[in-house]
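Below are two complexes that have subunit A in common, paired first with subunit B and then with subunit C.
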Partner chain A sequence: MLHDVFNLTLLQNTIRTATPLILAALGGLLTMHAGILNIGMEGMILIGAFFGVLGSYYFGSALAGVLLAMLSGLLIGLIFGVFTIELKSDEFIIGIAINIFAGGLTVFLLRSIFGVKGAFSSPKIVPLPDVHFPIIDKLGFLDVIFNNHSVFIYISWILVICVYIFLYKTPYGYWMRGAGEHPECLETVGVSPKRMKYISSLLCGIFCGIAGAHLSLGYLTLFTENMSAGRGFIALAAIIFGASNPIKTFGAALLFGFFDALGIRLQGVGIASQFTQMIPYLATIFVLFIVAKGKLNRKGI
Partner chain B sequence: MFKKAKDNVEYLISLFLSIFAALLIGALIMLLNGQNPIVGYKALVLGAFGSKYKIATTFAKTVPLILTGLATAISFMSGIFNIGGEGQLYLGAFAAAYIGFTFTNLPVFIAIILAIIASALIGGLYAYFPAVLRVKYEIDEVITTIMLNSVAILFTNYLVNYPFQAAQGKMGGTDMIAEAFKFPKLVKLSKLNTSIFYTAIIAIIIYYLIKKTPFGYNFRIVGENGVFAKYAGINTKRYMILAMVISGALCGIAGAFEVYGVHYRFLQNISKGYAFDGMLVALIVKNNPVGIILMSIFFAMLKTGSNSMEVATGIPSELILVIQSIIILFIAGENGFKKLFKEYRLKRGKLVK
Partner chain C sequence: MSERIIELKNVSKQFPSVLANDNISLHINKGEIYAIVGENGAGKSTLMKTMYGLHEPTSGEVYIKGEKIKSFSPSNSIKRGIGMVHQHFMLVPSFTIAENIVLGSEPRSKRIFSDKKKAVDIVKSLSRTYGLEVDPNAKIQDVSVGIQQRVEILKTLYKGADILILDEPTAVLTPQETEELFKVIKRLVNELDKTVIIITHKLNEVLTISDRVAVMRQGKLVDVVNTREVNEKILAELMVGREVLLEDIDKPEIKGEEVVRVKDLVVKDNRGFDALKGVSFHINKGEILGVAGIEGNGQSELTEALAGMRKIEVGHVFIKGIDATGFNPKKIRELGVAHIPEDRLVTGLSKVSSITDNILMGSQFKEEFCKNKLHLKRDKIRDYAKKLIKKFDVRTPSEDVKVGSLSGGNMQKVVIAREFSFNTEILLISQPTRGVDIGAIEFIHDQIIKKRNEGCAILLISAELDEIFRLSDRIITLYEGKVTGEFKNGEITKNEIGYYMTGNRKEQV
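Here is the complex of A and B:
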């Protein structure tokens, strides 16, 4: 039975389940660096997932779906930004409001546009293409794990590197981190921390929009109510676990994706999956605890 | 003193403007769908209050809102943010159900008291951990309580699907609680039951605690100005933990009432985000206990009436979720809006001169 769970397909599934987390987390860690705790990612992903399907269905093109999802993410990121940065509302209140808003809006639109309840699938929704690399065809297990995935799986890896370079090798990334760590200092060198916060918030919306589109056009080809299913919170967990570093967060998302995939497979052979699903949340609290304890110890010295 | 009264008036104006603006946006959406908003809103109000049964349904929905709303208020006013109400509610509901289907031979009164105590204890305990992590290790309780929500929901999900699955098999629920323990219904066929009386008693106790005892004063001082509270000799850490535990206990009790008054068993999806709704209620009225009750009735009205609105206009009932979240957005942005408005007036004043 263990053989049915622990095999190459598990690793292949890990890559699949981790990707929405990676995409959302890349956005979330930008806001985190800019000093904003964004718990509205859950809703942002959901909105992206819906508009991805909407765009793909109406324009008969997956690319249109992704673009519409990015646009919707941008808008919701703008709303998040206006309220948290301009109007100085509590971040987590706006985050919760966005989650509830997204849940209501997507179901409302699902019913008023498509006239269905619960889920919408149609042959007219064009899915994102899978990519086939002939080079790794002959490489045995590497082929099984890494080949023939949906296109955004590969793009997400490239984006990890892009975000890393952006954050640590460009002035914009430097300023963005400054906006979170020392906004006053940033102001004295003539860069507006507010502007950097806005950029992070908009980018977060776009990334979550892509994560959603990948979910509804790549991972699956349909939209269901509440299909983000906690991924926004697991992405937040990955950001904290990875200390907001893109590479480490990528690793954390892969790890959490692994436990998710493991849970799904355990369920397939009749073993409770709930405990493996809990791991990201408990691991996050554990990491926060270790970090906090380290800080206190240092203070003690 | 006068400043406070002026603040309150300003706040009430913002509140009504927010609700009005949100309803206006709702009306606009109805118009865009080719429907008459007056017909829609009339159906909504009649759907919530048009008959004895409808009124009962509306008020039944206030129970979890009021309890989780008060829970939010106590924690938020003390400056510690319990976002984990949903998890505490699930655990409390399970604990209460466990007593109800295990100790079926207990006298009714004792069983119910036990169930409420158990749910409060487990809810409080589950809130105690993040509170300690916050005051002792400065770990952001917003993050930990969010994470703990998922953990509790997954854990109870495991319990009802494995060790405690119902006798008739996996159905995402436990066995029924003993027949005698069920809270009597107040109106036939509706979900309104005696838990609303218990909720009223709890609300009065919490009101008294917040407004009339040194406890409530200390909670607010701790929340508003931790440094001042420290110099005034208040043990801020203890008050923050206490506020969090009371908050968790209330959410646990909300779960117990769902089991004993509505479902008669624990279900794996027993709450559809009640704690988050309750949080919105408390946030909108700025943690005022009386406001929480009134706003809970308003939210419950929107929820109950939305189905009738859907029947009358064909507009999906989820429109009210959109309206609710717009209200909270406006209220959350209240101070910012006011500032912008004042700046705008100043600017215009200068131009005129």
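Here is the complex of A and C:
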């Protein structure tokens, strides 16, 4: 039974399940660096997932779906920014509000636009294409693990590098980190910390929108109610575990993806799904516990 | 006559509840060192922020290099050649020195990337030109405050400043670092043709460094004088508006037994590093033991450990012969210890509660204020609060006023009123006059001495060397968590003690 679970397919699944986490976490860590704790990623992903399906269905193009998802994410990011940065509301409250709003909005739109309850799937939804690399065809396990994935899996890896370069190699990255660490300092050198916070919030919305579109058009080809299923929060855990560093966060997201995939594989060998579905969340709590314990030990209390 | 590089005409700044600057007109000449002095809340910082463009004045006009300022913003001021070194350094702790200096106007490669190598070269050449040595690749969080201040000055010079505004630049420096800073300022002005505006409340420094002094009181400009023509006493009177008697205090010799003994204390800081590395000392009855040291050398952790607010890793604390190691704050208080914490707003007071309630804290179960440990006797408590408000000269319209609306000095008096009224034999006093004006400082010092003369054993921790020297009977210096020296007051000068505060024994210098 063990080799039914722990095999190459598990690793292949890990890469698939980690991708929405990676995309959302990349957005979230930008806001984290800019000094905003964004717990609204969950809702941003859900809205992205819905508008991805909507765009793909109506325009008959996956690209249109992705663009619409990005646009919807951008809008939510803007709303988040206006409330937390401009009106100085509590980040937590606004994050929760966005999550609740996203749940309600998608259910409402699902009924009023598609006239269905619970889930919407249709052959008219164009999924995101898979990418095939002929070069690694013959490379055995590498081919199994890395080849023939949905396009955003590969794009997410490139984005990790891009975000890393942005944060640590460009002046804008310095400004964004400065905006979080010492906003007054940034202001006195003539760069608006508010502007950097806005940019981070908008980018976070876009990244979460893509994560959602990948979920509903790449990972699956349908929309179901609450399909983000806690991924926004797990992404947040990955950011915390990865200390907001894009490379480490990428690693943390892969780890959480692994547990998600493990849950799915265990279900395949007949372990009760009520239990296997708990695995990614238990793993998240466990990892956060370790992070928190490390901090407490250092405080000496 | 020399060129007027900055000129203010009838500048006023109204904040929602207070008129911070009231119709101020002054001018600063090119190439002079201009000092602005005043008590806390006199409006110095507001005035400076207006010059730097962080505020827009409610009314009045500001001219820089003869040009009237229309839009107030720091980036415009930087373009006009004004640089500001803030009291609380504007540096990002996790960035390197070079990264901090170029922040906001980074040298670039291929237009979008920041060119780290060039930044390091720029900093090196700035260091050479101005004689301000720094390691461009060191992180801000790893260097001393003296170096951080150098970085701040380099930052303004990198941006091309020829007018430097320094806000309380010596507050965190040792006497040696202060001397070094003054040399730099003099060189900037005399050799490199810069103009320096310095804001401070330390009058002796004003007299050493400045050419002219502007004195502010309660938002108004009281006078502008030539430094040559005044002395400390005249300035103090202008600042406070009445005669100030910070004279030597009468301290009769008291021979008392040992009350507190601290042995080989090791305590960790919030990051988990050792903040105290084996500290030992004792305090006798009727004695003030002053702890001198630059902030962040273990002083905060020391008071917290003694007050029971921080875990003691190794070592022992004996209070009146009882081993009180590991006692919680309540038990320590029961042994007869009162504590004036360093940050009154974090651990000293509840801002949103009334003066009465703040004074009650710690006495809420006393039989005279509380029936059956359940029912507070409000009338008695109110009378008690009224009595203390009067005794400790808290300036407030009523005892029901929320503490948060009082001035810093009056807040501190509330803490002192409460803690001094427990009638304990041991006092832990940390930064008793931080952010408190001269008038209140006088009063607080008198109260501390009174307690000493009554026979209290007092531990006094202060960042102000003057205060340590004025009040203490004995002084220990703390550097990187270790006691580096112990002296009877009078045995050592402020200048000499500076060496011990930086870990250099006198003979090594």
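We adopt the following convention: the second predicted complex is superposed on the first by the 271 of 301 C-alpha atoms of A that agree within 3 Å, B and C clash if a C-alpha of one lies under 4 Å from a C-alpha of the other, contacts with A are read in each partner's own complex, and residues count from 1 in each chain.
Going forward, a residue touches a chain if its C-beta (ideal position, glycine included) is under 8 Å from a C-beta of that chain, and two chains touch if they have at least 3 such contacts.
Please read all numbers here as calculations on a predicted model, not as lab measurements.
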| item | value |
| --- | --- |
| Touch count on subunit A, higher of subunit B and subunit C | B |
| Contacts of A:K293 with subunit B and subunit C, given as first, second, both or neither | first |
| Partner chain in contact with A:E181 - subunit B first, subunit C second, else both or neither | second |
| Subunit B versus subunit C as contact partner of A:L139, first or second or both or neither | neither |
| Partner chain in contact with A:I113 - subunit B first, subunit C second, else both or neither | neither |
| Which superposed partner A:F233 touches (first subunit B, second subunit C, both, neither) | first |
| Touching partner for A:P171 - first (subunit B), second (subunit C), both, neither | second |
| Partner chain in contact with A:G104 - subunit B first, subunit C second, else both or neither | first |
| Subunit A-touching residues of subunit B, taken from the complex the two chains share | 33, 81, 83, 133, 137-140, 142-144, 146-148, 150-151, 154-155, 157-158, 161-162, 273, 276, 279-280, 283, 315-316, 318-322, 324-326, 328-329, 332-333, 335-337, 340 |
| Subunit A contact footprint on subunit C (complex, rising order) | 54, 73-75, 78, 84, 86, 90-95, 99, 103-106, 108, 112-114, 155, 159, 268, 270-272, 310-311, 313 |
| For the subunit A and subunit C complex, residues of the former touching the latter | 169-175, 177-178, 181-182, 184-191, 297-301 |
| Residue ranges of subunit A in contact with subunit B within the complex | 37, 39, 79, 82-83, 86-90, 92-94, 96-101, 103-105, 107-108, 111-112, 230, 233, 236-237, 240, 272, 274-275, 277-278, 281-282, 284-285, 288-289, 292-293, 295-296 |
